[in-house]
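Okay, got some structures for you below.
Common to both upcoming complexes is subunit A, partnered first by subunit B, then by subunit C.
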Partner chain A sequence: MKKLTIITSALLIGTALGGPALAQTELSMWYHGAGNEVEGKLIGQIVSDFNASQSDWTVVVESFPQESYNDSVTAAALAGNLPDILDMDGPNMPNWAWAGYVQPLPIDEAKVASFLPGTKGIWDGQLYSIGLWDAAVALYARKSTLDELGLRVPTLDAPWTGEEFMAALDAAKASGKYEYAFDLGMNDMGEWYPYAFSPFLQSFGGDIVDRSTYKTAEGALNGDAALAFGAWWQKLFAEGYAPGTSESPADQTNGFIDGSFAFQWNGNWRAVATMAEVDDVMFLPAPDFGNGNKIGGGSWQFGVSATSDNPEGAAAFIEFAIQDTYLAAFSDAIGLVPSTPSAAQLTENYKEGGPLAVFFGLSNEQALLRPVTPGYVVQAKVFTKALADIANGADVADTLDAAVDEIDADIQKNDGYGH
Partner chain B sequence: MATKLTRSNGAGWAFALPGVFLIAMFIIVPFLFGFWFSLTNQRLVSPNPTQFVGIENYQNLLGLAVITIEPERDDKGQVVRDDKGEIAYPRVRTITRSDAYPQYSGMREWFRWQWGDNANVVIASDVVFMKALANTFIFVLFIVPLQGGGALLLALLINQKLRGINAFRTIYFMPVVISIVVISLLWRFIYDGSDGLLNNILNVLSFGLFQPVDWLGRTDTALGAIIVMSAWQAVGFHMVIWLSGLQTIPPTLYEVAAIEGASGWQTFRYVTWPGLRNTAILVLIVITMQAFALFSQIDVMTKGGPLDATQTLVFQAVERGYGKQDISGGSAISVILFFMVLAISLTQRFLTRERKYG
Partner chain C sequence: MAEISSRNRGLRLFARYLVLALVAVVFMFPLVFMVVSSFKPDGQLLADTSSFRAFLPVGDISLDNYRAAFERAPIGQFMFNSVMITMVTVTLSIGICSLAGFSFVFLDWSGRGVILSIVLATLIIPFETIAVPLLLVVSRLPWVGLDGVEWGWLNTYRVQIVPWIVDALTIFLFVQYFKDLPRELIEAARVEGASWLQVYARIVMPLSGPVLATAAILKSLKMYNEQYLWPLIVVQDEAHRPIMVGLGYFFQLNVAWGELMAYLTLISVPVLAFYLFMQRAFIASIASTGVKG
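Moving on to the complex of A and B:
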C-alpha cells in the first residue's frame, strides 16, 4: 500500500510538472457488458469520441460479465476501490445510493427532462443515475397464429383482458400445434423474475411491497389480489400452458422462433434477432388483469461513485454519452428503447411507424418501476423464489405469506432502509 | 509428542510456517470473523452500524415447534371431510398469523403427521434452512458409500497389469480435472426433461416405452440426479487414493494367498481390505467433509429448487450472505455447518481408531 502511494504521488508530481501536454486526468469506468461484442463496441465508440472531444479527461473502460458485475462492485466498494463512473441496474441503484456507493449525479436536470421515466434513477428526490435506454417486455406472437386461432389483435388502448388472454392460450393449446401455448423464460431465475413477472402481479392489483410506506409487504404480496395472481400463475404450469423452471436455456431461446411456443413473454433486446428469423412476428402489449396493462421499466444506467475524486469529469462523460446519436446507436444495434423521443425518431425500430414504435409509448406511459427502495435487492430474491415455488406446485397462500414474513423481517433488520 | 515438538526443531517449524500462515489467514481468521458476525446483525451493504444481537441469528434458524391442530367440525360435532374422505383441517396460517399465538408468528409448516383425528404439525421459523439441513444429510448419506465404493471398485479394476491400463486410469480421472461448473452445465443438458441424453438413452433401451422424466424439475428426482452426478465427478479422485493404498500392500501377501488356494473374495476380504484400513479412513473422512460443502452443482443446475428439494447448507449460506446481503445469517449457517462437520469427523475418527487386540 505504501509503495502504491509513493508511486501515485510520483505520478502526480510528474503530471503536475509535465505541463499542459499531460494535463488529462484519467477516469476509470466499469461496464457490465463483457462478452457482448456489440455493446462493447458501442461503449468503446462513445469513450473514444469523448476522449477525442476534449482535453481534460481520459476515460478508461473495464468490462465485467453481467453475472458477476454486482458482486465485483460490492467487493470494490468494501475494499474502497470503486471506479469513477459505473453503470448499474436501475432497481439496484437505491441500494447503492443508500449504502453510499454512488453520489447524486451533478448534471443539469433540464438535460434529462425529455428522458423516459424508467431511465431516470431517482432516490430521495435526487437524480443518481441516467440510462441510455430503457427495456420493455412484450408478448411475442405471429400474425399467422392470431389469424389461424381467430384472435383479435390487442392494442395499447384495447389490450387483451385476462379472460381474452387465457382464451388465446386455450385456443393455442387446443390447436395441438405447439409444444407449449406460452413461454415465460422460467429458466432465467435472476432479475428476470421481478422485472418481467411483477407487472402481472401489479395488473392484478398486488405488489411486491406496499409502496405507500415501503415498511411492509403485508397485504400487497399476500392480499386477495396477490392470491388471485398466485392462483393464475400456478395454473399456467399445473395445466401445461407454459414450461416450468427446469426449461433448458436453448429451448427458451429457440422455442418461439422454431414454432414450439405460440406466445412468448420476452424482452425487446431479443426483438431484432427474432425479427430476422420470423417475418410476421408481432409484439403485443401485456394483457390487462383488471388494474391496467403494465410492464417493467428501468434498465442499466450510468452514475458516479461516491469515492470519485473527479465527479465533474465523470458527469461530463455521462452528459456526453446521453446524446441522441448514441441512444439511437444502442437502440439500432440491440433493439433497446431509446431514452428520448428525439432519439427514437433516429432509430429504425422506434421511429413513427417502426415495428417497435408501440413500445416507446408503452415505456413512456405504462412502464412501472420496480419498488424504489434499498430493500429491493432482497425483495427481488424473495419474490423470485416465491414465484418459482408456486410454479412448482407450492401452496399459494403459504408461499406468499412466507415471502411477506421474510421481506418484513429484512426491512426491520435494516431499520426501515431509510424510508 | 510434546517433547518432540518443543525440542530444538527450527527447520521443521520453518517448513511448516508457510502452510500455517496460509491456513491461519484463509481458514482460521475468516472462521473467527464468521463466528463474530453470526452474533451480530452484520450486513454486506449498509450504512447502519453493526449491532451485537447475541444468539438471535441462531434462534431464527433453529426455531422449531410442534402444534396440534384439531379437525374442523360441523354443527353436530362431526369431523368435516373433503371429497376424498380426507379430514379437513384449518390452515396453519390461521395459527401462525394470528395475534393469539405471538410465539408462533413467522413460523411455517415443515411437515406433519396424523394422530387420531388430530394433525401434528412441525413448524419451523426457517423451513428453508431445515430442508437444506435434511438434504445435506441425505446427500452425505448416499454419496459416501456411492463414491467411496465406486472408487474402490474402479481402483481394483485398474490395479491390474494390462496393456493400455493407463488410458483407463486417465479416462476415469478426467472428470476430476474438469471444472465442476463445466461438468454441471453438461449434466444439465444430460438431464434435460424433453430431449436430454439420459432420456434418449432410456428411451432407446426400452424400445420407446420409457416416458421422458424431467430429472432436475421434479422434487422426487432432483436430489438423486445431483447425487449420481456428483459421485461420478469425484469418483476418480478417490480412485487414485485407493490405488495408492492398494499399491502399498506387499505382493508377497497375495502370493501367499494364492499358494494357500484363497478365492478371489477371500483374498480381498483377508488381504486387500485389512491392508487398506488407513486409506479407508482417509477416504471416508475426506468424502464426508467434501460432501457437506455441496454448492457448485446446486448453484449451476437447480438453484436449490424445485420446491427446495435441492437446498443445501452451503448454498443457503452463500445465497443469504451475498444474494440477500445478510452476512450475519450466512455466517450463522457456516458456523453450524462447521460444528456439525467437526463433530461427525471426530466421531468417525473415534469409531475407526486403532484398537489394541488382546
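Moving on to the complex of A and C:
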C-alpha cells in the first residue's frame, strides 16, 4: 500500500510539473536550410531558447533542401498543408502574399524600424516578413592589382564611373596577366542573375519592369537605357572580358583566388573564405553607369502562413528570433550582413573597422530591392533567359523586346497581379 | 592461306575489342570520376577537373567527405526509405499488373480491347501534368489505421507507393508476354477444372520468369532513381524522404562537391549490387523490350 501511495504521489507530482509543457501549443515551422549544418544549429538554438523561454508555444522545425523549398511550399499550399511559420526568399514574398500563402506579420513595426531595408518584406503597405540578415554583392579585387594597374580605390561616396570601370577592365586585359579581367559567375543561372545583374541594368537607368505601375516592362526593359545596358553586357563576353555561361563551377569558385580573374562580382557569403586565401582582397562598391551605383537587396525572411491557427504564437517566435544576439550569431557563423546597426557592432566582421563592414554600408546605401510584385517570380526567369541569350550573342533589341512581351503577357494573364 | 585468314581474323577481333574497350572506358569515366572525387577535398577536386588527374586517386585522399556527408544528411534513413519503397512497390506492381495482363489476354470480357488501349494511351501522359491533381487527391484520401480513420496521405510511405503500383508499361510487358504463351496449356488446365486463379498461379506465372525479371528491373530502376518530384511535393518530413530528394542537402550556396560525390557513390551501391545480381536478366530484358534502363 505504501508502495502504491509513493507511485501515485510521484505520478501526481510528475503530472503537476509537466503541466505547463502539456499546455504548450505546437507551432510548425519550415526552413530552407536542410543540409546546412551551421544554419541548422543556429535555428535549432533559437527554437530551443524560445521553447524554454515561455510556456505557451513549442516550435518544431522541419528543414528542406533550398533548391526545392519553393516547390514544396507551393505544393503544400495547394494541399492545404502549410506550417505556422515559413521562411521565404525576399523577392518571392509578394507572390506568396498575393497568392494567399502568408498573412501580414502581426508584430509591432517599431521593433523593426532599424532593420536594413532589404530585410523587410513589405507588400501592399503591410509588413509580411522580416529577415535575420541581408546579403550583399561587391566587386572583389586585390589591392596589389589596383596598384599594379594604377587604379584609384573606389568608395561608396566616389564609386567608379562606368568609364572608369571599363578602363580598369581594359587595363587588366592589356596586362596579359589574367585569363579574364572580370568574372560574373555566369554558370549559376538561377536567382543569381536577377539578384546580381539587374542592378547593372538599373544603374544604366533601366529596370526589369516599370515600377511606377508594375503593369508593364515596356520602356523599362527595352528602352534606350536597357539597350545601352544590353550592348555593354554583350560586349563583356564578345570581347573576352568575362567568361560566359559555359564557365565551370570550378573556375567560378577558384578563379579569383588563384589569380585567373582580376575582378569578380561576388556575394558576401564568399567573403570569409576569400579573405582566408587572398591577403589583400578588397570589396569594392558597384560602378555607377549613370544612374547611381546599385546592388541587389533582400534575402531569406520569416513570415506567418495564411492558414496558421496561431498567428500570435508564430509572431511571438519571430519577434524572439530577431534579437540582436541571434542576428550577430548568424553573421559571425555564415558571414551574412546582420539586419541592424546594433547587431553589426556585436559581430567580428561587420563592426566598425571590421573587415566586412563595407558590406553593411553597401546594403544600407546601395541596395535596391528586386521588383516588389507578385509577378517577379516570372519576370526573374524571363530576365535570366534574356541575359543568358544576349551573353551568348543574341540580338540585344530583339531579345529585350521578346522579354518585354513575355512579361507583359504574364501580367495581363494575371489581371495585373493586384496592382 | 588459312594462316593469313586466321591472322586477319585475329586482327579484326583485336580491333573490335579495342574499340569496345575504348567505348567502355568512355562510359566508365563519369563513374570513375564520381568515386575518385569522393575521396578528394573540394579545392583539389575542382583544381583536378582541368586535367586527367580528375580520374586518378592522387593527392590528398581521405574518407573525410564520407564522414561529412553522413553528418550533413541522414543517409541511412534516406537509403532505407528508397529501398523499402522500391521493394514494396515492385512487389505489388508485379502482382497487380500481371493480374491485369492476364485478364486482358485470357479472360473474355466485353470492352477489354478498348480498356487496354486507354491504359496504353496513358503512356504518353507525362507525370508532371497529373502531379498537381494527384496531390489534391492524395491530400484528402482516408486511411484506416490503428488510431481510426485519418484523412490525407501526405508525409507517409503509402503516398510514395500506391500511386506507382500500377503503370501502363508493366501491364503492356505482361500482355505482350502472355500473348505468346501456348494456349493449349491454358485450355488443358481449364478442361481439367482449374479455376482462372489457379491457371494464373500454377500455369502462367511459373512460365513467366523472363517477363517478371524485366518488369522488376525496369520498375526498380524507375522507383529508385527517378523518385524526385513526387516525394518533393507530398513528403514534408525528413523521416520519409527518399535518396533523390536528399541530393539537395549538398547544394548549398557553396556546393559541397566532395560530399556530393561521396553521397552519389553511396547511393549507387544498391543499384550496382542489384545490377550485378541481375546482370543476365538485365541484358536479356533490354534485348527483349528494346527499352533502355
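Simple rule for what comes next: the second predicted complex is superposed on the first by the 398 of 419 C-alpha atoms of A that agree within 3 Å, B and C clash if a C-alpha of one lies under 4 Å from a C-alpha of the other, contacts with A are read in each partner's own complex, and residues count from 1 in each chain.
Just so we're on the same page, contacts are C-beta pairs under 8 Å (C-beta built on N, C-alpha and C of every residue); 3 or more make two chains touch, one makes a residue touch a chain.
Because the structure is predicted, anything quoted here is derived from the model rather than measured.
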Practice task
Using the superposition on chain A described above, determine whether A:409 touches subunit B (first), subunit C (second), both, or neither.
Solution key: first
Exercise for the section: Give one of first, second, both or neither to describe whether A:44 is in contact with subunit B, with subunit C, with both, or with none. Expected result: neither
Exercise for the section: Give one of first, second, both or neither to describe whether A:248 is in contact with subunit B, with subunit C, with both, or with none. Expected result: both
Practice task
Name the contact category of A:62: first (subunit B only), second (subunit C only), both, or neither.
Solution key: second
Handout entry: First (subunit B), second (subunit C), both or neither touched by A:401
Key = first
Practice task
Identify the partner contact of A:240: answer first if only subunit B is touched, second if only subunit C is, both if each is, neither if none is.
Solution key: neither
Exercise for the section: Go through the superposed model and pick first if A:71 touches only subunit B, second if only subunit C, both, or neither. Expected result: both
Practice task
Quick one: classify A:290 as touching subunit B (first), subunit C (second), both or neither.
Solution key: neither
Problem - Touching both subunit C and subunit B, counted on subunit A across the two superposed complexes - result: 71, 248
Problem - subunit B-facing residues of subunit A, complex - result: 71, 74, 77, 95-96, 98-101, 189, 244-246, 248, 251, 377-378, 381-382, 388-389, 392-394, 397-398, 401-402, 405, 409-410, 413-415, 418
Exercise for the section: Would you pull the subunit A residues touching subunit C in the complex into a rising list? Expected result: 30, 34-37, 62-68, 71-72, 75-76, 78-81, 248-250, 253-254, 267, 269-270, 273
Handout entry: Complex interface listing, subunit B residues touching subunit A
Key = 41, 43-48, 91-93, 96-97, 106, 108-109, 127, 188-189, 192-194, 214, 216-217, 219, 303, 305-308, 319, 322-326
Exercise for the section: Sort out for me which residues of subunit C touch subunit A in the complex. Expected result: 42-43, 46-47, 49-50, 71-73, 132, 135-136, 139, 152, 154, 232-234, 236-238, 245-255, 257
